[in-house]
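Shown below is the structure under consideration.
Letters A, B and C name the chains as they come in the text, with residue numbers starting at 1 for each one.
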Amino acid sequence: MLLKSTLKLLNNPVNRLLINRINSFNYGTVTSSINLDFLKRDKTSKAMKAYLERAQQHDEFMKTQNEEFKIGKRHLANMMGEDPVIYEDQEKIDEAISYLMPSALYDKRARPMMKPPEKIFPERKAAEFDETGRAHHFLFYTSKPNFFQLLYDAVEHLNGLNKFEDNMTRQQKSVDPALRLELSGSEWINQDQLELKLVENIQPVEYRYFVNVMNRLIEHPYSFRVKDFIDIYRRPLMNQTIILDIPKPHIDKDGKSFITVYECLRKKARGDVTVRFPGSGKILINGQDVTYFEYDQSREQILFPLIFTEMLDKVDIEANVEGGGPSGQAGAIRWGIAMGLRSFVDADVVEKMRYAGLLQRDYRRRERKKPGQEGARRKFTWKKR
Amino acid sequence: MLKKINLNSLIPLAQRTCFRNYSQEPAAVETVHDDDFRVLNLRKTKGTQQQLSRRPKPPDVPPPRYKQMAVDQDWGAVWPGPKTFHPASVPLPVRQGWVPLNKTVPGKFANAELMKIPNFLHLTPPVIAKQCEALKQFCTPFPKGLETEEQQEKHFPVQFISSDYVHGLPTIRNPLSRIVTIKLKLSQLKLDEHARDKFLRLIGERYNEETDEITIVTDRCPLKQQNFDYAMYLLTALYHESRTVEEWESSKQEGDMEYYNWHNNQSKVTSTEVLNWGLPGDSKVEPPQEYISCVENLMNEGENEYNINKYKESVVKMLGLA
Amino acid sequence: MLLRRSSRLIKPHIGLYSTVVEPKLNVDEFRTIEDNPVNHSKQHIGKYYKIDDGLKRKLFSQGGLPKKYEKQIKTFNEACLMVRPQAIEIMEYINRTDFSKPVVRYLLYGERGAGKTMTMAHLAHYGHENGFCLVHVPYAPDWYKRPKEFGPSATHEGMVDLPLDAASWLIHFKSQNNDLLTKSEVGISKTYDWSKREQTTAGSKLIELVDHGINRAKYASDVIAALMDEIKIASTAGKIKTMVLIDGYNSFFNEQTRVFSDTRKKHPVTPDKVTLTQPFINITNFDWCNGVCVLSVDIFGMLGWERESYLPRYLLGKEGFEHLDPFVPIKMDKYDERQFDSCISYYVNRKWIQNTAQGFDKELKFLSNSNPYKLMELCNSV
């Protein structure tokens, strides 16, 4: 962004002049042009000057940082006894750093890192006004021009769509339902991401405005006409991305394909589930058949994904599960079977499974008992005396 | 008085400034080009210069050491042993610390996070290679004739396990280093049936049936050598004790048996009676061997579908129902 | 249940407007017209046969069929039993048996609800048709877990008597064998003195002995002991053929019972201190001929804490195993494919299953794991 801003500055003839002038300030000796400048009565505003100073400082800072990073890479190569060329690859650098300074901190962002300065230092806004102090953007004095521009654009699009809809109704044409926007797999970007995108700080209430306006936009029957605009501010659901990267089945020695899902969790139960295809509907839970579960409900839990995908007698299931009680174990196996079955069914069915909540991990855990209460929520019986 | 003087001095000052404006001296250019509101400086103080001089002078610190390092230096010499991270000695622009998305990660200077985590800066691959090379002269060749696991097991049947500890205490003795474990395959002792049975009873749970291995752990004595001697003593004593036959061993009852023997049991009586029921006295029919082994398996191996099925087949055959 | 839940949505459409023809089930597929178990053979496996109502009342009026099954019989308005392969197997063994040799003991074992009791009932019917004298104990653990009345035995020192249970068993015995007892000329081998005035003289008929036990409940247990002896003697002599059927046989060898030696219910006794135990252990001994013993071991005959395995050696214990050995263990399996289909067809035929949405049978099979009892329970709600 900063680079872009500098380029923009360069393209502007007025700015070019300005930069020339700055250069003369820095490097030039005193020349006759100064006289001319004085005659012109330079109108450069103070704000512009301060900005240029800042920008220059920043550029210089980045330059030294880049230099240091470049030398650091050479040093790293020397320390690790490798060819410096391979440390052009950021992955190799990360590998070397994790070797030299191993850290088991949970959040990977909290671990030691050595990254190019562009990745480290956040972007900054370019100049928003010209050298006379006049703002480029008509919304400059809202102090959040990018944000309000976004709202403005959204409403502009909405008006355009309304107009279009009127036209269509006049021509007695109805909207084709096939063209409707498919937005179930994504959601609006959150406030932090929007802030990064706009390079402006936003208040929660302003973020709500954004969501409301955008929701109104997508509710419009012809919203597919502004799909490009909408897509900028949407991100895929986390779950969706997990569901979408379906693993490829392995082949065992009998020529059957199989998928093992590890870490099937529900309540306190934990297990792994192997789905084999083609099979005959055999099920093995901890070396026992479905009688491992005494209650019908637990058996139904396991049955559900199989019935739903109509794969009951087409696959074999093998599950190892421990911890927790019957319902937790059944839930863990259900999730494991559903995740395993993704590899053996069509994308449509996977989508249906997602809708049915089969691929959703159930994160609920037992709530702790509170002191002064009988249970998690229940209070002691209240007696007046 | 003072006022007067000031007023008088005002005019030449203004004139001077004007003059300066038109002059071509570089210092004057600056003042003109700045659009600052001109301040009437009656006392002719050098305001800015005074302010500058008031600022404390930064201490005269040499630049960090890494700035002078060559990129082809011998890193092992720079960082020879384990040491806490030092920002000036490590020439890498590393950073650490969790920050929100649009903030800068703290650099290496004055970063406690980097000092907290362990580092392997003293054990980089080239250093390790160098040390291995240096250690090579102390190595001896692997003894001949002990290449395979079987050979090792044959010549050295007893496995001896103990641990040594390196730790930062005034004493060099760690109490855990006294513990000695010896392992041995039972088949190596070459015991007969009686001795083996007795040995197993004496040793109890220290025998692993799956691997045929006995494990003796000794930790009673304060020193490793004493514990080792004690373990060897135990092994010797167990071996000889298991080979002696005591008088009372002949009075073993059925309840003392560790396995089911069909010939000593009720099953023999009943099955023989069933087979001989109603037959003339002399001719005795013995139950078939198949049945006997089936009953023994059922009792010794424990009950399972397979054993019961075998038992059923043998009974059906014996009773002539097949 | 999934089926049930979905059915709420689907039912109105199918029930009212569906033009789908209900699947026509061939009656012969799951039913056999061969109602006499004597003629049952391998080809009847998995099919249902009907027990005549009068006969059912005669054989099982005092017990012998599970309570829930009785209820189902009432609902279906007919008493139908499935011919299980294990029953056929035992019948084949019986047909091959040399009756001059000591009795062969067959032991049914299997998981809960696998059909042990139902197979017993089928065999009881078979024995009745075949002219066996039936010594049928519907469910032995009842005596030890839920005794009707108990008190110290008058004749045996230190033993506990269950007079009412004994008398009611005699009634059961009498109702099952009434024809045989009245017709046969079997006499008693010796004179039994019950009290100063009461005695059953040698040579009198068996039924007199039984009647005495029924009328004088005090002596019922002793009468049973005498009856067992007499049956053994008569069978060995070849006068009658006897079939012994005891359900829950392992309860005779339990560690503990809920029968108490005192009225304050402080000291529970072991089964061998109950007078009823010995006669039935006696009749399952091998020292007689001309008969057959079919016994079953039931995990629910055990007390709560010792229900770890359904296998016979575990359930019988060392003593029980040694008493029975050599016996023929027969495992009651779950339904196989054919039996399962037949059962489902039967339920559909009886309109017991009304929601035949696609794949319902697969679902039921998975949920019940083809266990007959579980299947019956699940079908109650479909």
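In the analysis below, contacts are C-beta pairs under 8 Å (C-beta built on N, C-alpha and C of every residue); 3 or more make two chains touch, one makes a residue touch a chain.
None of these values were measured; they are calculated from a predicted model.
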{"item": "Middle chain, criterion being Cα centroid separation", "value": "B"}
{"item": "Winner on C-beta contact pairs when B-C is weighed against A-B", "value": "A-B"}
{"item": "Inter-chain centre distance, subunit A versus subunit C - centres from mean C-alpha coordinates, in Å", "value": "68"}
{"item": "Centroid distance [mean C-alpha coordinates] between subunit C and subunit B, Å", "value": "62"}
{"item": "Inter-chain centre distance, subunit A versus subunit B - centres from mean C-alpha coordinates, in Å", "value": "36"}
{"item": "Interface residues, subunit A side, partner subunit B - complex", "value": "30, 34, 37-38, 42, 46, 65, 68-69, 71-72, 74-76, 78-81, 97, 99-103, 107, 109-115, 120-122, 192, 195-196"}
{"item": "Touching residues on subunit B, where the partner in the complex is subunit A", "value": "24, 26, 29, 32-33, 35, 66, 69, 71-73, 75, 85, 91-98, 100-105, 113-114, 117-121, 124-126, 129"}
{"item": "Subunit A contact footprint on subunit C (complex, rising order)", "value": "1-2, 111, 359, 362-363, 366-367, 369, 371, 378"}
{"item": "Subunit B residues within the subunit C interface of the complex", "value": "265-267, 270-271, 273-274, 277-278, 287, 291, 295, 298-299, 303-305, 308-309, 311-312, 315-316, 318-321"}
{"item": "Subunit B contact footprint on subunit C (complex, rising order)", "value": "93, 96-98, 100-102, 104, 286-287, 289, 309, 311-314, 322, 325-331"}
